[in-house]
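First chain A sits with chain B, and in the next complex the same chain sits with chain C.
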Partner chain A sequence: MQRTLPFSENRVFVTGNEAVAWAALAAGADIMFGYPITPQNEIMHYWTRLAPAYGKKFLQTEDELSAGFTTIGGVLAGRKAFSATAGPGTVLFQEPVTMAEMMRIPMVVIIQQRGGPSTATVIYSQQEVNLAAFGGNGEGWRVVYSTANHQELYDYTIKAFNVAWTYRFPVFVLGDGYQAKMRESLVMYDPASRGMELAPAEAVVGKPGRPGSSRPAVHLRNAFSVEEELYESIMPGEEEFRSMARRVVEHDEEGTRGAELVIISHGVVSRAAVAAIKRLKEKGIKAGYFRPVTIRPFPEEALQRAVALCPRLLVVESALGQLARLVKEALFNRPVESFDTIFRPGVGITAEELVEAVIKIRQGGTTCV
Partner chain B sequence: MSDRLAMPKSWHVESKPHKFCPGCGHGLILKVLGEVIDELDIQEKLVFGCDIGCSLLAWDFFDADTVQTHHGRTTPVMVGIKRANPELLCIAYMGDGGGYAIGAQHLVNAAFRNERIMVLLVNNTNYGMTGGQMAPTTLPGQKTETSPFGRDPEETGYPAQGPEMVAAVVPPGAYVARATCANMKQMKRFMKKAVENQVAGRGFSFLEVLSTCPTNWRTSARQTWEFLEKEMAGYFKTGEFTTPGDRREK
Partner chain C sequence: MGTTVKIAIAGEGGQGVQALADILAEAANDEGKEALYIPNFGIEQRGGVSLAFVQIATEPIGSPKFRHGDIVIALSERAISRTRQYITEDTLLVYDSSLVAPPEVDDEAIGLQTYDSVAPEAMAGAVSEQPKPGKVRLTRRAGRVVGIPATDTARQELHPRVFNMIVLGAAVRAAGMVKMEAIKKALESRFKSKFAGNPGLRELNYRALQRGVELVEAALAREEVRH
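Entry: the complex of A and B
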């Protein structure tokens, strides 16, 4: 049985789902619990084919609730457990994820967004931002990475495991059906060959020793009797979340200084934005680009700095304002000259459309729907 | 330590006296479970999972690693622990609502897959913690907060037959039984066999125990016992429904 990856660096041309399965392996994941839903299925397909050769495990559960709660069980037993889901599955995942938030259980879930609401499409969308960031009955104590390409799917899946097991908060990697199913080239690598250390997993229950005599028994709670007891329990967690947030928050930005307008987007849509500002530059129009890599925590300070340089904004997403709401919250009370939007729930957005939109805005028009 | 003599060694003394209502059957069931834990000497390997509902009050009952979960979700949490570390012994402790209503899909599928865990389900014919609503196990005509004129089987069906259902779907190697607080010796015999079945790694273990809820039944001590021994016994037959080897022998 092989224990390590068969490569230190490997340039490949694969689907996003295959990249995720390899990244989970590279990150030291031990066991996957999953329930079939398109477009994440191939993560399970690749994992189940890789698993025996590397001594890894898999269980297909009866639904996403079970996938989430078995993942929690696997983590409590000291293994790096993970899952993957989409759409209505992401809805069901909110329940186990809130338990992970409350009990500070590290947990990694890959979300390959599909259309919504309801069953909608199995193809593509960016409508799971609200759910991923704030879906539970709680305060949104999760990290959400929104990836834009296959290299990032690989990189941030590895990072998700490390962040989850370092800070003990659940971590979502937010991809989409386009990324899941499309082939693209990337470099897969063994984290060790790049000097990356992997955060270790530790058992919470079933440690050696006799509970009550050689060690105290572990009694894990998520229920409290009185209001103050809950408050006392929540506030240190919030403090730790904020402290972690400063360390994990990430964004990407280009050409915001001296720009006439900044295009704000996330995930694959930001690829259109990057292409658009290049084409606009060729036309002599200086547009900037800003992209939150972490949807939660949101890069508020970085966005505020960018907007101080250029207060004309165009927010673009394959949803009806889920990103825009986060942008507005981040910019509360900041002067903004214009705030245009392109909202296309469930459909992709091209660079050409963005170029056209920017030109229209410059001519005094608006893109708002 | 003389007080301790009557308590199973695996009990967490600091959390006693326990928090269940006077006359509740949970204490009896957990005493039997404690004795079995002691006799089989499994305290070090045990992970105890508590469902939401009255079962939650057992969250610090044992000197054993214990996890509070969500309502209905104790089965998958225990399945995850067992799958990740098969050396551990996992017992999911829940009520009839947790097992037969909100967590029914988990119970059925754990049974289908013959998960090597044990589910210990307390049947007191109502949702106790939330104030006495109708449960899948509520008897015909029984008054609860959500069936104030008595459960009408035409409207809401007949009491759920849990062990019968589980026994119908488990593969060989499983152990499925129903015991009652009215017969402690039988309960202990079944409890021990259920736990031993997991220790041996043969298959899924499921034990339902008929219990009492005088608080929500609004019954006196005598009425409580009569309800358990006469009314409940009329719908829920105690006994073993499947034992390991059963089907192979057939």
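Entry: the complex of A and C
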């Protein structure tokens, strides 16, 4: 049985779902728990195809609640366990993920966003930002990577496992139906061949020895008798989340210095933003681009610096202001000269639209919804 | 400055639209170009128009779908209705003249249709204007319109099953971004076992590709003369 990837570097042309399945393998994942939902199904399909050859496991559960809790079970047993979901499935995942936040369980979940509310479309949207970042009955102690292309789906899926097992918070990789289903090129690699170390997995329960005598007892709590007990548990957790946040927060930025306007987007929409600022440059218009790679924790300080350089903003997303809300919070009490938006819930956004919007804004128009 | 060619391909289910789009993109990628293919997928399992988006570029590719196509290939009347929103005055529209009457521009609709301000997937606008039977209407004048008798050529000269290879040949010639050798290599990797079992199939597919190139060249030459 093969234990490692059959390549050290391999340029491939695949769907995003296939890229994720290979990345999970490269990251040393042991088991996937999942329940089918479009557009993430092929992650399960590819994983179940790869699993037997690499000694990996898969369990299809009865729903997403169960997929979430079984993933937690796998992690408690010391296995790198993960799942993948979308849309209404992401809603059901909130209960197990919030439990993982409190109990510091390093679960990894890939989200391929689809349209909402409810069943809506199976195709595409960026409407699961609220859910991914703050969906649970807790304080949003999760890391959320919003990817823009297949290379990032691969890179950040590997990173998700490492960050989860290093800091012991749940991690989401936030893709979408377009990224899931489209084919484009990327380089798959064996992390070891690039000198990357994978964070080791460690069992939480069932360790050798006698609890309380030969080793400390493991006390996992997600229930508290009185309010103060809960408070005393949450506050150190928040401190640790903040300390981790400084180390994992990521953003991407281009041309903000001297720009007339900065386009803020995340995920697949940033591809249009990057293309748009290039075309605008050819027209002699200097626009910048800012993109949070981690939606949670949000790159607040980086955004504040960018806005200090250029306080004219255009926020663009395939949702009705879910990213814009995070941007506004990050910029609370900071002077902003203009704040335009393009909100297209459930549909893609092209570079052409952004170029037209920027030209319109320069002429004194507005694109606010 | 890089080049990007945006291609939308639409046809009836079973015409092989997705396969040809996929092979085109894969071949471009194998040649070292940037390539992106995305099927239009929804909840329908079968029936309806099958639509594929391909972009081939010498620079990083932006959004996976696009507003306007450089090339639109429509293989049925419904497929033209479905792709009208991607057609502009810069578009090369290739249609199957065996199945579709030459498209007419609906001048009344020009000015009424506002796809420019509607998102690309705003289907409500696109389907509300049903074409009259036997007539295919465009809401905007396409840059160039060329008809190729792909279905008739497949049936009469080759085999109905290589219909999409004729269209692929036409797409390769129209796009001008991918060498035929790369297409053949992509076919080889996809149909390896089938070709091994029946080498005549390889030849049949190659002939279909070549006929597609010829048909589109002839149609483009006719179009040239007309102008």
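The working rule: the second predicted complex is superposed on the first by the 360 of 369 C-alpha atoms of A that agree within 3 Å, B and C clash if a C-alpha of one lies under 4 Å from a C-alpha of the other, contacts with A are read in each partner's own complex, and residues count from 1 in each chain.
As a working rule, a residue touches a chain if its C-beta (ideal position, glycine included) is under 8 Å from a C-beta of that chain, and two chains touch if they have at least 3 such contacts.
Everything numeric here is computed off the predicted structure, so don't read it as measured data.
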Combined model on chain A where chain B meets chain C, clash or fit: fit
Contacts of A:T166 with chain B and chain C, given as first, second, both or neither: neither
Chain A residues touched - chain C or chain B, whichever exceeds: B
Touched partner set for A:Q151, first chain B, second chain C, both or neither: neither
Chain B versus chain C as contact partner of A:T48, first or second or both or neither: neither
Touched partner set for A:P96, first chain B, second chain C, both or neither: first
Vertex chain A; arms to chain B and chain C (CA centroids, nearest 10 degrees): 120
Minimal inter-chain CA distance - chain C and chain B, angstrom: 26
Chain B residues within the chain A interface of the complex: 10, 12, 43-45, 47, 52, 56, 59-60, 62-70, 73, 76-85, 87-88, 105-106, 108-109
Sites on chain A touched by chain B in the complex: 30-31, 33, 57, 59, 61-63, 65-66, 68-79, 81, 95-96, 99, 203, 205-213, 217-223
Residue ranges of chain A touching chain C (in the complex, touch as defined): 13, 38-39, 121-123, 177-179, 181-185, 268-269, 271-272, 274-276, 282, 344, 346-353
Complex contacts: residues of chain C adjacent to chain A: 1, 22, 25-26, 29-30, 34-39, 41-43, 60-68, 119-122
